[in-house]
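Take a look at these structures.
Same chain, two partners: chain A is paired with chain B first, then with chain C.
Then we have the complex of A and B:
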């Protein structure tokens, strides 16, 4: 029970911090809408809706990267991460709390992105929404761990996209499959499998990322 | 193991690798019968053997990474790194040989429909990022941990990517193995096995050579520090 309370407190800390400083979320919202506008000019006039759906996933992945690159910024600057590691709670709670707050950011960004996409390019169906939700879980789980890794390195934000994109390729395959094919079921199932597998690995290995 | 063999393990392994590679080349060109595809099918013996060897290297690197985290085995960090380094070299060779094969079979240097090639491209990008990570963290326990965790991600990524790539495209890669066993003549299968053994022993020899070199580097650095 204390574990869940720790997770809740850590996630709440991030959300309160964001509510006061408004560093990350406005940037993500503006970025995702600008990207969609850029995509309008990227696509030729007679391109299909399927191409637009594919580009939506590019926009979502890069927006997530933008948010993730700031995920541990506050912790890194003031040495807060050392304090959190020393706190008498399980280290994986730090990961879970951060992943939850990232999940909230991603959800809010997509609350803007999906209606904007529907407005600019065409219909958004249920399978796409399910795909986005499952992809968010995977992005938050893997991305949070990789963001913690990138924070520990010298190159910091530069490294995160390099670490993240190869691991995000299965997410993109599942997400695009769920949004463009007639048979989204197997792709949704694949995304769920990815989420479960990588959530377990991240949960188990986060301790080693923040400790020595 | 006798003392002389233990002292000369590296030369013995290297010699064995040389003999096996020469045997494999001889078998491929003079023993294995020509397929209906003609001469270009010969690269199959190297392409698939190199690809399976690359998997073995990545798997070995992942196992050593697990040892780092689980048993706090300090020496396993370098072993994991060297195994992944060899895996990336063999992975790059897989990309090159696969690309040549695709050129003669389908007429293009790059074939997105070939699962193996796409998978190795993903893995190549992933493990290239592993090196970026490793070289942007100062040496020490933190780097050991980060490298090990990322290497473990690689082991999980391989099956997930295979599944993802299968899902994402139609299947035109020629099936060399099916459920009924190897789908080729016995002489071809024998040649393939020798070729695979040759590549595995070659990788093991390269792994041990690089590991010995890296260990000498570390030892030299320690001695320099001690003298200072």
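Then we have the complex of A and C:
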């Protein structure tokens, strides 16, 4: 119970910070909509659904990357991560709280992105939505850990994409597969397995990322 | 590199370091540090820039792990109060919100009352609803001290605690140290040892 309360306190703090600073979510929204507009004009009119779905996932992954690059900005620039690490709560609570706030930002970005995709490229079905939700879980889990690692580095802007994009490949494979095949169950299962596996790894290893 | 100057009754030892070493890549920041710090003792850490004072304090606070040697800190993580070079507060939150956040994470009993008392004592009560981004360096240092004292820590690790404080702030901190000195264990690093020399029970000079 105490653990979950700490997670709630930390996630709530991130949401309050974003409401005040507004430096992550507006950028994500603008980016994802602009990207879809650009793709709309780039993609030939007779393109397949497969190509459109692929471009949606490119937009979502890079939007997530944009959000992740700001995930530990306050903690990194102001050294606050030390204050959180010193607190008696389990250090994985910092990871989970941050992952939850990132999940909220991703969800809000996709509330705009999916209708925009439907407007420009065609219908959004249930399998795509399930794929996006499961992909968000994986992105938030892995991305939070990597964002914390990148924050500790001097070349954080460079390091995060280099670490995140290779690990996001399975998410893209699962997401695109769930979006375009007639039998999305296999890909949805693959995404769920990825989420479970990486959530456990990230939860267990976060402590070693935030101490020198 | 270090001149061990601290000895204590082993049964009441709070920190024990043996052959402590810390490297960052190829750079060796600390080497061969040995000391013991007894409960309710005051260790004054001195040395020039780059001698490893901050690194030693981060090791004592549990923010870093030694590369070699042994360091045993017999105080729970939640019973350590730390003041570093940064105030460790969110600039987009107010002083009150920052302290409430830490109060919840440290599970401080009667949190609101304790926060109110500290803000009053450190002269921040009137600005408690202002975001800390508008605070001066001295106000941030006062807030950092409030944060470090909020959970009534047993071990206080203070890195340049007088940094940025004006005369009033310095007097406040002197008074606080005077009051806490008999009941708390301290590790304090400073460039101005004369200011806290009277509190010190032992001294560690890094070179």
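The definition used in the following text is that the second predicted complex is superposed on the first by the 212 of 212 C-alpha atoms of A that agree within 3 Å, B and C clash if a C-alpha of one lies under 4 Å from a C-alpha of the other, contacts with A are read in each partner's own complex, and residues count from 1 in each chain.
The definition used in the following text is that a contact is a pair of C-beta atoms (placed from the backbone, for glycine too) under 8 Å apart; a residue touches a chain by one contact, two chains touch by 3 or more.
Keep in mind the model is a prediction, meaning the values are calculated, not measured.
In the superposed pair of complexes, A:88 makes contact with chain C only, with no contact to chain B. In the superposed model, A:17 lies in contact with chain C only, and not with chain B.
Once the two structures are overlaid, the count of chain A residues touched is higher for B than for its counterpart among chain B and chain C.
Of the two partner chains, chain C is the only one touched by A:9; chain B is not. Once chain A of one complex is fitted onto chain A of the other, the partner contacts of A:212 extend to both chain B and chain C. Of the two partner chains, chain C is the only one that A:80 touches; chain B does not reach it.
Put simply, chain A uses residues 211-212 to touch chain B in one complex and chain C in the other. Interface of chain C with chain A (complex): residues 58, 61-65, 76-78, 80, 82, 84-93, 97, 101-102, 104-107, 131, 147. The residues of chain A lying in touch with chain B in their complex are 145, 149, 152-155, 159, 162-163, 165-167, 169-170, 173-174, 176-177, 186-187, 190, 193-194, 197-198, 201, 205, 208-209, 211-212. On chain A, the positions that touch chain C within their shared complex are 2, 5-6, 9-10, 13, 16-17, 20-21, 74, 78-80, 82-89, 211-212. Chain contact summary for the complex, chain B toward chain A: residues 69, 122-123, 125-126, 128-129, 132-133, 136-138, 140-142, 145-146, 148-150, 152-153, 156-157, 160-161, 163-165, 167-168.
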